[in-house]
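Presented sequentially are two complexes of chain A, the first with chain B as partner and the second with chain C.
This part shows the complex of A and B:
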């Protein structure tokens, strides 16, 4: 055997566990802190495929649930957008993680489909209508 | 690096074991309980931890590279190679560093490896997707790595206790 190995849990292992929890806490604060500060504003769902934005839906502008289909890398996802949130209804990807994620409802949350390289991310609205289809008249 | 026939045979057996554990792991529907992309128990990490202590970093790295490459070839998914390599190499580097700290037990080393594995895989997901969305999963994945790291440390420890009664590990 190359080196001796301690087989019993010791207090020094707790330092490793604490460091991991600290990192998780720091990331939670850094990533989700922005989410909390943006609470109360409207939500926009941003759909990306292969790192490029392919669709953007202003959830506040929806009256009822609306389904849209996205295809990339041979996989097709049916995404349901509603005023309350977004979920992947169906997907023909092998892992189905995107479907099992369920409905996301808060800014910062995302649904990721790695096989299709498609992600849906909720972002806090900055007060601008996201979809050009929402405009009745454009001036200037 | 000079490898004896006995060590080479042990490396091959451990690579096969790691591949089998990866295959078995895919049958466990952990994603139904915790719906996070890429969440796994990391059973193949048992072999990495064992090989690191029993054979040393060089041979443990060879086993890891063989497992990642063969796993991606058998699955017919070269995209999986990036994920398993980034996760596996991150875990390996952290575990090599932690195993040099003599005060830590196999549990601390294994937990650090599990956490680094998740960091590596999330980094691969960020690179693949081209946006930072997967970062939102990392805090939860790190929390879960405490459980999965303890589990793999426990099983690797049991393996060492079982091997004490054999002469397989003697040079």
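This part shows the complex of A and C:
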């Protein structure tokens, strides 16, 4: 009759077990941390004047709404950024199309002030998976 | 031996964990920005994005081409080929070969749609103030007189490369220039080996290939009633999509809204029951060169025609230059032609009803 094999933990077993736990814990935290961060943030507002990027705002980093002003070609726009979206609050441009656009909330949407040649685009953060309703470009 | 086994197990675990993490890295790189540019030209804002080694080179060439086309084709620039032609008092004018070719194509497309797209509508559009943003409602007498100068047959294209505008006609290529520009950018992308990119030239979209992760581009069709809303999303690869809508430019007077798409038959803003027309064509499927140009002209024409005539035209023109349509009607219907049945994603939260047309 064979005797059963007795298992003993040695020092190397403990090292391996500890390494696995540390790696698993670290990667799990990192993976879920990244996902939650992406889901929570998701959107970056990119402000450009005459085609040149002049500002960039991560909407998730905002605790409350924040106003910033931009001036180009003699016109000044007051833009409100909030965790939920972006809108042009006021503009002294003649057409007011930028103000009338209202609040944009999704990746792919933009507000354009043609007289001032200022635009605000919402872009999905890198690595953000597309969900239903997200789009790359709006036509119309 | 135990040490060796332990090391093997540790290595295997590390490899496995590294494998789990790999997709996140891949997804991040596929969502990169690529090279992008924003251009203000042709009285609109244009966004261009190109991925790949030659992305920046391609966008620089595209920007130069778009600016050159504006110099060539604009009706509001005194030194453009079109302005010289309009000011020639009916005399033959030698025009740039590219402008000649586009005028010829615009005339042909206009004939194909029974002049519902008509580049000689220029004086009527001016009378409404849509070229200057000084809007007004012209008198019926003024419109009746101006309409006598609206006729595609008044464009005389001569074999020596000259063009003459007879009977006091003048032309405006605004209804086709952005579509033509999108065709030119498509060629530039091809020449530079771009296999993934997108451009939006004020209502004219061209998507090159799919996204870098291989999935189709998601092109939302704007809700005519809500500037930030959409009626649906088109999932497209290698395609042109152009939308015309009365909501894009308009003014109100005495409680009535007047939009910028003029019916060449009446001189008034078209009232066909449609509020938005989107024309979609595969970039490599049509026999005609310039799918973007075609889509641009047809989107205006179908808006003027109305749904029934537009769908009849669609049914009878599928063998030669196939295209598909998304029509939004005044009574909140979205009509999608069958070629887009698998590519169109409804906005389930909207108050529209959706129909696939065959």
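Structural remarks
Here is the rule we use: the second predicted complex is superposed on the first by the 85 of 140 C-alpha atoms of A that agree within 3 Å, B and C clash if a C-alpha of one lies under 4 Å from a C-alpha of the other, contacts with A are read in each partner's own complex, and residues count from 1 in each chain.
Methods note: a contact is a pair of C-beta atoms (placed from the backbone, for glycine too) under 8 Å apart; a residue touches a chain by one contact, two chains touch by 3 or more.
Everything quoted here is computed from the prediction, not taken from an experiment.
In the superposed model, A:51 lies in contact with both chain B and chain C. Look at A:109: by the touch rule set out above, it reaches both chain B and chain C. With both structures placed on the common chain, the touch criterion links A:124 to chain C but leaves chain B unconnected.
Judged by the touch definition given at the top, the superposed model places A:96 against chain B, while chain C stays out of reach. Touching of chain A by both chain B and chain C, each in its own complex, is seen for residues 10, 12-13, 15-16, 20, 23-24, 27, 31, 48, 50-51, 95, 100-102, 108-110, 112, 114, 117, 119, 121.
Considering their complex, residues 31-32, 35-38, 53-56, 79, 83, 98-99, 101-109, 111-112, 115, 125, 128-131, 133-140, 142-143, 145-146, 157, 160-161, 169-170 of chain B touch chain A. Across the interface of their complex, chain C is touched by residues 10, 12-13, 15-16, 19-20, 23-24, 27, 30-31, 34, 48, 50-51, 94-95, 100-105, 108-110, 112, 114, 117, 119, 121, 123-130, 132-140 of chain A. Across the complex, chain A meets chain B through its residues 1-3, 5-10, 12-13, 15-17, 20-21, 23-25, 27-28, 31-32, 48, 50-52, 95-98, 100-102, 108-110, 112-115, 117, 119, 121. Chain C meets chain A in the complex at residues 2-3, 6, 9-10, 13-14, 17, 20-21, 24, 27-28, 31-33, 37-40, 43-45, 47, 133, 198, 200, 203, 205, 207, 211, 215, 217-224, 227-228, 230, 233, 241-243, 245, 247-248, 276, 278, 345, 347.
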